[in-house]
Amino acid sequence: MDMLAGKVKMTHQTVNSTMNPTDALERPIRLHAKDVTVHYGAKQALHGISIDIPDRAVTSFIGPSGCGKSTFLRCINRMNDTIEGAKVGGLIELDGENIYDPSLDVVELRARIGMVFQKPNPFPKSIYDNVAYGPKIHGLARSKTDLDEIVVSSLRKAGLFEEVKDRLNEPGTGLSGGQQQRLCIARAIAVSPEVILMDEPCSALDPIATAIIEELIDELRENYTIVIVTHSMQQAARVSQRTAFFHLGNLIEEGVTEDIFTNPVNKQTQDYIMGRIG
Amino acid sequence: MDMLAGKVKMTHQTVNSTMNPTDALERPIRLHAKDVTVHYGAKQALHGISIDIPDRAVTSFIGPSGCGKSTFLRCINRMNDTIEGAKVGGLIELDGENIYDPSLDVVELRARIGMVFQKPNPFPKSIYDNVAYGPKIHGLARSKTDLDEIVVSSLRKAGLFEEVKDRLNEPGTGLSGGQQQRLCIARAIAVSPEVILMDEPCSALDPIATAIIEELIDELRENYTIVIVTHSMQQAARVSQRTAFFHLGNLIEEGVTEDIFTNPVNKQTQDYIMGRIG
Amino acid sequence: QSRDTIQIAGSSTVLPFASIVAEEFGAAFPEFKTPVVGSGGTGGGLKQFCEGVGDNTIDIANASREIKDSEREACTAAGVTDIREIQFGYDGIVFASAASGPDFALTPVQVYKAIAAKVPVDGALVDNPYTKWSEIDASLPDQPIALAIPGTNHGTREVFQLEVVDAGAEEAGLPEGLTEEEHTAALTTFRQDVVVEISGDYTETLARLTSNPNTVGVFGLSFYDQNKDTLKVATVNGITPSNETVAAGEYPVSRPLFFYVKGQHIGTIPGIEEYVQFFLSESAAGGSLEAAGLIPQPEEKTAEVLAAFEAGAQ
Amino acid sequence: MNSLIIAGLLLVLLGLAYQSGWSRGRGLATANGVKVHSRPQYHGSYVAIWTLVPALVIIGLWGWLGDGITHNFIVSQIPTETVQSLDQVGLNATIARIKALASGYGVAGEILPYEQTAGDALRSFQFITFLVVIAAAAIAGAAALFYARSRVTARHRARNAVERVINLALLACSAVAILTTVGIVASLVTEAARFFTFINPLDFFFGTVWNPNNAGTAGNWGSYGLLPLLVGTLMITFIAMLVAVPVGLMAAIYLSQYAPRQLRAIAKPIIEILAGIPTIVFGFFALVTVGPFLRDIGNFIGLSISATSALTAGVVMGIMIIPFVSSLSDDILNQVPRSLRDGAYGLGATQSETIRNVLLPAALPGIVGAFLLAVSRAVGETMIVVLAAGNSPVLRGNPFEPVATITVSIVNQLTGDTDFAGPQSLVGFALGLTLFVITLCLNIFALFIVRRFREQYE
Amino acid sequence: MADTLSTTAPASNDRTRLIRASLSRRHLSESIFRGLGLAAIIVALGFVALLFVDIVRKGIPAFTQSNLHLSVTFDPEIISVDPAPVRAAGQSEADFQAANLKWQRDVAMLNWNKVIEASLRAAAPAGYEIDTRQILTIAETDARHRVRELFVKDPTLLGKTVQVDVLASANADNWIKGNINRDLGDAQQQLSAPARGLIDQYETNGTITSGFAWSIFTNVDSRAAPASAGLLGAFVGTLWMMLVVILLAVPIGVASAIYLEEFAPKSRLTDLIEVNINNLAAVPSIVFGLLGAAVFINYMHLPISAPIVGGLVLTLMTLPTIIIATRGALLGVSPALRQAALGMGASKTQMVFHHVLPVTFPSILTATILGVAHALGETAPLLLIGMKAFVAAVPATPLDQATALPVQIYLWQGNENRNFFEPRTAAAIMVLLVVMIMLNGVAIYLRSKLEKRA
């Protein structure tokens, strides 16, 4: 069993070489959550989560299945509003503004906080339309050329442009899984969000596609605040600067990724990292 | 948490204490598969699997999702016959007898090779009827007392009797998940099969129920040849004497469990065990 | 601008005649559109007729009976005050049996005895004892009694009741001293074992004859005309039904047919007057209506009706 | 004509409003600085909606109150003595005459001078009010347009407002279904109530004789016993189910569990074609083919079977229902989770054992529900029975004899030569109400069972 | 452990024996069950085959019709009428129209039957004994209108002889086709002996030939001239009704499905609506007829027997079907798509109209076609709202009176003329079935295409 834990350590080292863990601490706080609770009907899924998420860094959420990672992620752009029976309590602020303020327009919020899902879910439209959709509904493009430009630059940022430039009018669903996921990232980037949330973005992909996406995330963090949920500790170690460990609806431990993996303070975190739970 | 982890560990230790890994090697071969291929329509799911499965031992199949573990398992009692478009090639012998021989009665075969599924699937009948169903259709009980006896002893062997003895006439679907799974095991045992196939029997269960089932499997192996598919390497390590590693429809490596985990010969096995793939 | 198509509705007995006239009218008068003829029964037709005056109401109601006082009242209340009655001919109702069977020469009293649930015997009402026609009268065929008569939703049933059953009962002589209720019951209660009431149309009656060839059915004269190959008509009181005998008043089972015109629409809806004149004219319509089974009324009667119509509201 | 003018005006107003809102919204976007909340299209729609609603309200108000106002106007035109000398019926007749005069239709008889003047006055009154209403609507619309336009600002949530209106429109659409039910119940109940003023409900519901008297006068309406019709209905339904259930269920089982792919691909659509065939066609088929055929068979084996009978109608109705039963059963069987089937196969059960012992019991509630739905369909079927059941409303238990059903009697009573104000035709509504209640109970019960079943496996 | 071993070994043999003992019985019952299933399929398919074969066999003869080829002479003796008015200089348009109409009416009042009689006699063998009335029964009654129309169109025909094809009468057609037993005596025949003889003569000399009955498709219903009766009026009536249904039922149905599935808060009320809709879907169609009679006709005073009313009734009847199907389709849209749209900052309305609806469009279309096809075949409710009328015109608007195809079938089925009862009715059914099957076929095709894509 030991070798499992060992593995994490090894990967961890490669990540270490390209990253400066203290970096993330110095950055300003972008998102601030305080005592966030979520109930699904009678069932409480989150028991008061408080966390600060820094600007232009990758924060990863890890923890065993069902611990509430996705639930908390969905709180951040109010996707929980769309789930029947979900009730969110507590406070979440984006740049000091309460995102649960009734006067705030949730549609606008979601334009500021983009989301990428576990299973790539491009719209059943052309690649072009997939990327153009967001700018269109938010009125971001004044003209067709404007729009073209946005589409091309987003695809480029998502590292997809070269692969699809000849077939922008073909359906997005015809791409491979990894390409689809990058299309979804391009789609999210196209509305120039400030924060990008990703819920296990690689879990449906093969190792090669995963590696490409991880690299992309690493590039994107220069311009965006990124929060990523992952079930793979290795991945968390590879891409994130900060890591939060969830368990049974609680945030158990949170800190610089390196510390969490090498020096977990909490016993449960330790157990999880060692493969003893989950 | 601690006690959960502790429990698993403990079970692990108890299992270890009663098991002699080389045991499994000495036992006679019960099942012999040679070059088994499976096509689902045009798609080939298995590319020639050859394996020998010893009597009265637990053999586990591991491998990443979609690698063909369940498919191969279903070949062994010809459950693939019930899947439209599935085509099986190659040879599988049970005690030297080709189970794909046209003159062989598949109904009889399945009475000899029982199966337990991933999701507990008790019939929507009473607990008693669930267990009695197999003996009834196969005409194994000559009288009501006979039948009663079979039911009770099967439930007892499945470690469920004490818990349900007062409510044998209540529907089996009213039990908890772990109890349901044990009921399914009792149901399989009731026709006194020679081999029991289990496809991720614990994946729908919580850790405590999992531990109980694992213990049960360990007991059952004294009388039955058991093949178990699992997605948890830890579980494979805990319950099985032999392990086979599948990848992309191929059997990559197979041997005594301890060896596979500590000394994998194959690079892919190694990668999988180290968490590099899957 | 008002509607330019005459709208007609009402009795299903009158429907074929009105339809033919409508078609011919449309063909003969190029300036008018072909009138639309709906059915819906006499009552239904008069109901629409009496709904008021205007585009959304019909101009003419076909009827196989005279308008009732209650209906006139409804009309008046809705502002339909100018109702002009046109009687244009007769409908004959015949008894017919399978062409392959024996001949029937019936009288109302025989029919009454065949169908009534209780018949008078020696001055008292007893359960109908007859099973064969020959038991009622030796001159009738030695054949089990079976009759298909129109259901109560048919206008024909009224004539049947009046001219056959009531007349037959009178002749048979109902016992004295029956209460009003008993009297009605004696006249309207039929034996359900041998009498079938047909609520559908005559094809239904015909089907009944084919399935039980012993059945004597009640048909319209025109239906019989069209199906002479399978049907054989019975005489009533010794008279063979035909246009001549009905028109002459010799054949007893017949009824006059009417339509009612909304006088207030004349002049607004084009062609109503012409339609009425055309309907009653000898040359244009008379021929085809007769061919379709209408029994024409005496010419004097027609002239009288036309005169009354042209004279306007009574 | 008038409504065309109104519609045209409204359309013009609508176009103007949209255009003005749109251009203003677009203007906002160029004046940068604040982020614009909604896109110009939404601003356009917002203004258009705001403009349309007051105009519609005014027109609607006139539609609602106009008749009363016109009525009062007419009464005011009739000399007071005349009004007083007339009773209600007379007054209504006079008003109808005046309206007829105004509309250009002639009236019978002599036209009284006051009628003529009233008619002329009414005509000009109608013309003026029409103009007034149009003008008022246009002014209200324009006022609303300017108000709404003034509200268009960068932070104005036009999209949210427009979406709320869309939402309301959608809600209104789903109210149609409710209104339909209300309409059905209301119309059936009121007309049936009128029927029950003629006939005692007990005589209707428990009477054994169906013999409406056409020639009847008050007090002698005839007998309206429901039982013969009810028995006929049930008999036909029973025969139909006897045909449809075994065939439909077994066909569904065979197609979903046994049939090779090609057979299923061919047989399923063909059976579904049965479901698409109009019932009048089945009725004709029953009348001209099945009926005589059954009669001949009867003759052959010495049974007296009428060509049009409960049997004929029932058999053909059964054929009609086969696809209904089979597709519902198919659905239900497919909803039983595969894991249950696997469980049985894994124990060594044969396919038929699996189906009989596991699949069918598990699906039973759903299948029962499906059958109840089929029963309710059979109970309400009309054309087959009209053509093939023989229309004989007599209480008897012999399926070889003609019968009548509730549906057939509705058709007969409402389309025959019956008196429209009497019970002869009103009984159609009482029968309809009975039919509605029967099928309602069946449906609700069936839906309840099916739903419970679905929940079980969701 | 040794204990268990020793007991299982013999038990295992015993067990195998027991299992084998019952195997043949079990396999037999398996085959029987399977056989029953197959039998059920065969029965169901057999019914379909029987129905179609029967209807086609009955209907085919109606598609042929006897025509009379006559040389018609426009004899000035008979056609004694002023020459057609010519527009005089200075005559106003209205005056000319009036004169023209008067002339046309004069023409109409002529006895055109004489023209027909003359041409029929001309085609008969010289000296054939037959009286006027009898000879006229051979040609359909509308023949005289045909000839008159020719003349009105071209008054210069006066005195000329032209070849004209007219329909033989329904009775003549029946005689030729043998619908009526030819061996029956005079008293039982529709046509007199001389007329029957003459028809046979005509047949041999080629005056009567049979051809395809185009009139079924090009003519409206007729009672005066049964042989010329056609389906055009009913067909157009049906089309109008379908138009109403499509324009109303589809938008309303889809909109309410969207509301219920996407927007409605879960509450008692929406539960009630749902139960109500499911229930409405199963309410007998005749009840909708009662509703239409009470509400649309009696209360709202919409015109009786008009396609608009029929369409409204059918709309209400079809609505629940469309709602249920659409809801099913909406429910089937993957949550991933919804999340994707919402996650992009689309509002719920935008999500539905931009993404969900387009994806479900094919299945909504399929459901709609099936619903409309079903409405198309509905008869009972139409009877109650007066669509049983005889309408000898093609309805020009949905407010005109009309019948519908299924009602036309019902009416013809009850017609006393042998031409209608069976052949003509079966032919009408064939037309209706072709329409239905085409609609259903399109729906099935769409669905299979959809399933393949999914």
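Letters are used for the chains, namely A, B, C, D and E, taken in the order the chains are written, and counting of residues starts over at 1 for each.
Everything below uses one rule, namely that a residue touches a chain if its C-beta (ideal position, glycine included) is under 8 Å from a C-beta of that chain, and two chains touch if they have at least 3 such contacts.
Keep in mind the model is a prediction, meaning the values are calculated, not measured.
Trainee: Supply the minimal count of touching-chain steps required to go from chain D to chain E.
Mentor: Minimal hop count between chain D and chain E: 1.
Trainee: Closest chain to the protein CA centroid?
Mentor: It is chain D that sits nearest the middle.
Trainee: Report the inter-chain centroid distance for chain B and chain C in whole angstrom, where each centroid is the mean of the CA atoms.
Mentor: Each chain's C-alpha centroid was found; their separation is 84 Å.
Trainee: Counting only Cα atoms for the centres, state how far chain A is from chain D in Å.
Mentor: 51
Trainee: Taking the mean of the CA coordinates per chain, how far is chain C from chain D in Å?
Mentor: 35
Trainee: Of all the residues in chain B, which ones touch at least 2 other chains?
Mentor: Only 107-108, 111, 137-138, 191 qualify.
Trainee: Mind pulling the residue numbers of chain D that touch at least two other chains?
Mentor: Expected reply: 159-160, 287, 348, 350, 353, 386-387, 414-415.
Trainee: Can you list the chain C residues in contact with two or more other chains?
Mentor: Those would be 39-40, 44, 200, 204.
Trainee: Could you pull out which chain E residues touch chain D in their complex?
Mentor: That would be residues 19, 26-27, 29-30, 33-34, 36-41, 43-45, 47-48, 50-51, 54-55, 58, 251-253, 255-260, 263-264, 273, 275-280, 282-288, 290-291, 293-295, 299, 316, 319-320, 323, 347-349, 370, 373-374, 376-380, 383-384, 388, 406, 409-410, 413, 422, 425-426, 429, 432-433, 436-437, 439-440, 444 of chain E.
Trainee: Which part of chain D faces chain C closely enough to touch in the complex?
Mentor: For this pair, the touching residues of chain D are 1, 89, 92-93, 95-97, 99-100, 103-109, 211-215, 220, 222, 287, 291-292, 295, 306-308, 386-387, 390-394, 396, 402, 404, 408-409, 412-422, 424-425.
Trainee: Over in the complex, which chain A residues touch chain D? Could you list them?
Mentor: 105, 107-108, 137, 139, 142
Trainee: Within the complex, which stretch of chain E touches chain C?
Mentor: Touching chain C from chain E are residues 101, 104-105, 108-109, 111, 141-142, 145, 148, 152, 180-181, 184, 187-190, 222-225, 301-305, 386, 388-393, 400-401, 413-418, 421.
Trainee: Would you mind writing out the residues of chain E in touch with chain A in their complex?
Mentor: 266, 334, 336-348, 350, 354-355, 358-359
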